[in-house]
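Scrolling down, you'll hit the structures one after another.
Below, subunit A partners subunit B and then partners subunit C, in two separate complexes.
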Partner chain A sequence: MDTTKIDASKYKMLLKSYIESQNEQSLYGAEQITKTFIKNNILPEEIVNLHIQALTELYPDLLIEFKHSMNFLLETMISYGLAHQEYQYLREKQSQIKSEISVAANVQDTLLKTTVPQIDELDIGVISVPAHQMNGDYHHFIQGKDGSIGIAIADVIGKGIPAALCMSMIKYAMDSFPEQLMRPNSILENLNRVVERNVDPSMFITMFYAQFDPDSGKLFYSSAGHEPGFLYNAVTKEFQDIEARGLVLGINSDSTYKQYELQLNKGDIVIMLTDGVTECRGGKKFIEREEALDIIRQYIHLPPQEAAEMIYKHFENLQDFNLKDDFTLIILEKKV
Partner chain B sequence: MEISINVKEENEKVVINVSGEIDVFTAPQLKEKIIPLVSAENAEVIVDFKDVNYMDSTGLGVLINAYKATKVNNSHIKIINLQDRVYRIFTITGLDEVMDINPVMRGGIK
Partner chain C sequence: MNSSPSYININKEWDIVAARQLARDMSKKLGAGTVDQARIATAVSELARNIYLYAIDGKIYIEAIEKMERRGIRIVAEDNGPGIPDISLVMEDGYSTSGGLGAGLPGVKRLMDEFNITSEEGKGTIINTIKWVR
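Let's look at the complex of A and B:
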């Protein structure tokens, strides 16, 4: 109440000074006092009221018509005041939602945490960057009792929070499969049934699942409509697409998936990615798969983790780069 | 990024001409038009993609939604004149094997 009183007399002084001399200084003072009003949630009609009081005190002989007009103005300001209060309320609500999402994002991070397996036969690098607060990409490593390494990479379509929630479903479904079922094709077949039963009709998931057997150096894999990866041949120094046919998860409950195999030799590199990598844009221009591969090629000589990070940095530094989709890149290099 | 969607009825069929880019911003407009049409019992819906030069996964989601609706309502959806870039999305996702789609016409009638 006291501050209001002080403000009121300050307002009166500034008003008087301005009416008498129209000086810049009082206008500046008005700007400053408005800031305090806003800070203290003083509503527009209260300011008009302040103005009326100040004016009446300074000039008691004002025209009665003028006084009436000021009261009229006061009334018209009331709706503005209400709109302003609503705006304040929404601002608070928004910051509350923001903090809830950031808590959810942390929960998701914890849930989807995966440890990169350390084995002599394979060097693994990975980077996953969400376009928004929550990641709709998923990747997961599993080290089997038989020594094999399972690598899953998936993209939930639908972005943002619904996609992220769906991701958690995938994670739980995967955790519940017994180890003897952990073959790429049977994993996709089982996941497909779970997804088909549980997702919104416009949502779907693409997934590439690979299993590396360190004893034979073979990579077994199946794809559910996922962006094809690349195989780098250490001898020819050339890249080729890792083609694998298969329907995206969640369309038909009885989809089956073909399992492919690939013999990896020393120095061969397998690159798995999501379409955030091949579909990102620099400004208005699309980055084509070929261009993405050109960028990958520049860093492929580096150790996998470093290469993954440098490739992402390269994209990030492109002019007007704008990450429209979640970006995940996994690089596997056969060491021996 | 603009999209225009024209619906016309030809004989027993509904033809939807789409032009522009289908992405996260424009896909809801496509969904609004297409889903009620394919949800009519026994409907024959043809979607012409001749003038669609870009579609992202959100757009694909709308078409999957439409495809699922046809299975429930015994209706049919066919997507024709897909440009290469858009057609590629269907081949990668394996949808070209379950949905009725035709890539862009080259040099006359196919």
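Let's look at the complex of A and C:
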């Protein structure tokens, strides 16, 4: 006996028991058998048909008007059956797309992999978490032959897969620049041309590029419309914005970028971030930059990596563990 | 013993009902169960409705067939309408249902056992389907 026949006789039994005594137990049985129907892709019209057959076998003298009404019900179920099959197909297709995206996300992680440089002068903490499967934020560390450390942080305006794909382009463009061009302003100027030429006009990239010189303790930086970072002064224990002017990448191929410099002293901390941090949404309201800074302040005494992780956890909690935007935070602490 | 096909001209909404009736009578005669009867009628409905809505004028052919000791019903929808420029699009799930147009051609394909479509822009469309009677 195949499963449908077993189900049919079981259904008949449950139906009989319910008609005779209206007991809860047979209704529970009905609930259970429905689950096997769903598991075996039994369509609604087939269930109605099963019901008609069971009823006719149990009560052969059923009113003919009632029998007709059941057939009428069966006809109305056909379209529901089709809709059900379609949903199922679309659901399978969706899970297939999801798994393809997760493979793509892994590929992207490998492509954009970066190692945090280990030097005596600087302690670096970093965390980057995508809101969805693929990250539209990008950060990268470059250790130059002259001993300098380059730090890039960027954010694509636009979300999801197209944004993420765009970031791979930034990485490979940067890899192709010769070492002598690795000054913050010239990097942004070159990237700007690449983005302007290759990226859809609706997509823009903001980027902050900093270069730390361990010998002088100076930080050189330029910004292409990126969220300003913070500088924490170890002596005054105050934070200040790291302001830098510059047009977002990809708007005008002739954009030039000003290079700024900061003298870092022992214990000073530089914080670079994306707007996923400063525009994080708690409940229904956006969190202002000031409030974001208050949170950062609570953890700033910790070693950079630990601080970055704790700050992320704090924001994650604030957003009910459901990030609305990609979140990237880099903390640099001058050690000597 | 393939019987000569009967057909219904489709050019007004009432003709859809007549096509359903013809298909139901034929499937009953072949001994199709209630569920299959309902599926065949729904498929005919969709096909006839497509002709009525998009081609204005066409025919639904219905015939009993027998092949390799199997009996079935063949439904052919033929019109001289504008044709379908992108068949893969109309065969895509969610294309017609999202516009509230009903089960559409993917629905017909699911309701029937065999399904085949040819279409030429400016000339018309032929959809050939079979449901085997168990």
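The rule is short, and it goes like this: the second predicted complex is superposed on the first by the 331 of 336 C-alpha atoms of A that agree within 3 Å, B and C clash if a C-alpha of one lies under 4 Å from a C-alpha of the other, contacts with A are read in each partner's own complex, and residues count from 1 in each chain.
By our rule, a contact is a pair of C-beta atoms (placed from the backbone, for glycine too) under 8 Å apart; a residue touches a chain by one contact, two chains touch by 3 or more.
Being a predicted model, the structure only gives us computed values, none of them experimental.
Once both complexes are superposed on subunit A, the partners subunit B and subunit C fit side by side without clashing.
In the superposed pair of complexes, A:V336 makes contact with neither subunit B nor subunit C.
Once the two complexes are overlaid on the shared chain, A:D275 sits against subunit B while remaining clear of subunit C. Judged by the touch definition given at the top, the superposed model places A:I19 against neither subunit B nor subunit C.
Our angle of interest has its tip at the CA centre of subunit A and reaches the CA centres of subunit B and subunit C; in the overlay it is 90°, to the nearest 10.
When the shared chain is aligned, no partner comes close enough to touch A:V103: not subunit B, not subunit C. After overlaying the two complexes on the shared chain, residue contacts for A:G225 are found with subunit B alone; subunit C is out of touch. Partner contacting the larger number of subunit A residues, of subunit B and subunit C: B. By the touch criterion defined above, A:G246 reaches subunit B but does not reach subunit C.
Minimum Cα separation between subunit B and subunit C in the superposed model: 20 Å.
Those residues of subunit C lying in contact with subunit A across their complex are 33-35, 38-39, 41-42, 93-94, 97, 102-103, 106-107, 110-111.
Those residues of subunit A that touch subunit C in the complex are listed here as 45-46, 49, 52, 71, 74-75, 78-79, 82-83, 85-86, 89-90, 93. Residues 155, 157-159, 201-204, 206, 224-228, 245-248, 251-252, 275, 279, 286, 324-325 of subunit A are the ones that touch subunit B when the two sit in their complex.
Of all residues in subunit B, those touching subunit A in their complex are 24, 31, 54, 56-58, 60-62, 64-65, 67-69, 92-95, 97-98.
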